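Note that the chains take the letters A, B, C, D, E and F in the order they are written out, and that residue 1 is the start of every chain.
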């Protein structure tokens, strides 16, 4: 199974498991998290880009994968995403280069998916 | 002297001092940093917002102050900035609440400045 | 005005200002944050100690001050708090020593307050 | 081999290798680390929970695995551990959700082990 | 394929892919990064050691692997590298122990390579 | 009182207070910390530079001040220290620029001290 599919399957399965725990605080946090990226004063599209850059500077590959898939769905183009990667790189420096590699690979995989439908 | 003026004065003075060091790598980094926020595939306005959210999740008050002043200049409105603060808060959690307080205070000061010309 | 009083006054004033922004996501986050430290499967007392250690390893002085005041209210004794400081110190290393100094100073101030009523 | 067994085997093997280096500072640090979680003014049980929350907010999966196994041994129940996870989630935000998934999976594996003896 | 070879192959392939993106800011950053470790007022050898300790305290395994290979090439001996590991361990605490294990394993693999030519 | 004197006075006073707590783990950690920078396979001079770069990439101003004073005592020259600052800047990016300003200011103050004896 390819890396993105594997990530999505694991994410889905474990989010279900966490929902099943039924801890009110945790459930509310997951709702807050979903709502934070919905249209508001800022568009959902803009907020996904904010989420992506935040994930890169904080160096979380799973978060990067999730937000790249969302950014692609939201209609961001490659050169725009590369420009956002550059902001993350300048802010957080060479320590995030491994995450930049990961992000570029994920973006390429996400584009293949779009082509292959 | 008010807090924002003091920050700007110190930032200006020390950036001059750093330029005077004349280390090629450091000088080039400062150029890269400036260029990262100029119009490109993403607008300068969008990139300032990315810089602001990155500064909040990484918890750097001076960086927050700088990017809020830039965001205000770029034309972002309060409700849009609050929506970006919310993304930062959900991504990085309560540990950034002190920086959220700081950001809101800075934004209020920046608006006073605009009114007082 | 002493440092703790100043912190509490600023925290109170800015939290009011943030509430006034009336951003639904931000308001809900603040509620979640409050609820996270209430009695549940773990006691409020235990959760304040968790909040304190989290604040120390993440190196946030305002968060440390807040949780020390809460821990003192919750009845934790000095030697217990020092033992928690030690866990934080071993986990996060010498980089948190400046925050350990701050924490010890805050704890001493909090005890003076108790004595002076 | 299952993920937890693999982690324990690797941890054990590399800790032995590190001991063999025979660097006095490193050896003493490992002793300090072990001692930090022993009964003192705070119980070993409480300190393992502190270690777990510190590991979550600092986003270290190996540290999370280690402290979950220790917390299970120390007698913490699932609902208590979920309550601690919630504190970590609120403190550090959505960036730790991948680590929350990992922690819940590890806890489930640790419980299976207990059942299967 | 062994872990180090795999890392080098992936690093090389993705750096090529990133170069192909042809984003001026990103390209310049990669140049700055390369130049930062060349002989200057500090020797390249010293700067590789700085890069290694920075990578350890910031907890980036790929960065650790890269700088260990560079440090070995630059002529640092095992006991010197262990002494640098100890500084990183004291600065950043037990949270980096998993990265210390990784670093020691990588160093052992790098020495095997030297022996096997 | 100047900023460096104030820092040294506070550091000294609070370290004394922490010693007085007499927690065995904390005392041993402080010893480990002192020993980590003494001559060994690496010279004390080299280790102070490692401590300085670690402090910069981890963004701790008090730690930066301490290690700059130590580096000056150990005989590092300005252009060497600037070269180390550059490594830290490239590794950790623009988020550490406020700490770079602080470091340069501290270094200038430390040199004035040397001149004024």
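Going forward, contacts are C-beta pairs under 8 Å (C-beta built on N, C-alpha and C of every residue); 3 or more make two chains touch, one makes a residue touch a chain.
Values in this document were obtained by computation on a predicted structure and should not be read as measured data.
Novice: Any chance you could name the chains that touch chain C and chain E both?
Specialist: Correct list: A, B, D, F.
Novice: If every step must land on a chain the current one touches, say how few steps get you from chain A to chain D.
Specialist: Contact-graph shortest path, chain A to chain D, evaluates to 1.
Novice: Matching residue numbers in more than half of the contact pairs is the bar here; say which of C-E, B-E or A-D clears it relative to D-F.
Specialist: It is B-E that reproduces the contact pattern of D-F.
Novice: Farthest chain from chain F, comparing Cα centres?
Specialist: A
Novice: Look at all chain centres (mean of CA atoms) and spot the one farthest from the centre of chain E.
Specialist: Measuring from the centre of chain E, the most distant chain centre belongs to C.
Novice: Taking the mean of the C-alpha atoms as each chain's centre, how many Å separate chain A from chain F?
Specialist: 37
Novice: With centres defined as the mean C-alpha position, give me the chain D-chain E separation in Å.
Specialist: 27
Novice: So which bits of chain A are touching at least two other chains?
Specialist: Residues 25, 29, 32-33, 36, 54-55, 57-58, 79, 82-83, 86, 89-92, 94-95 of chain A each touch two or more of the other chains.
Novice: Is the chain-to-chain touch network here best called a line, a ring, a star, complete, or other?
Specialist: Per interface graph, the chains form a complete graph.
Novice: If we count contacts the way the header does, which residues on chain C are in touch with chain B in the complex?
Specialist: 10-11, 14-15, 17-18, 21, 23, 25-26, 29, 33, 54-55, 58, 60, 62-63
Novice: Please output the residues of chain F touching chain A within their complex, sorted ascending.
Specialist: Checking each residue of chain F against chain A gives 57, 89-96.
Novice: Using the touch definition up top, name the residues of chain F that touch chain E in the complex.
Specialist: These residues of chain F touch chain E: 32-33, 36-37, 40-42, 46-47, 49-51, 53-55, 57-58, 77, 79-80, 82-84, 86-88, 90-92.
Novice: Report the residues of chain C in contact with chain A in the complex, numbered from low to high.
Specialist: By the definition above, chain C touches chain A via 24-25, 28-29, 32, 35-36.
Novice: Looking at the complex, which residues from chain F come into contact with chain B?
Specialist: So the residues of chain F in touch with chain B come to 59, 79, 82-83, 85-86, 89-90, 94-95, 97-98, 100-101, 104-105, 108.
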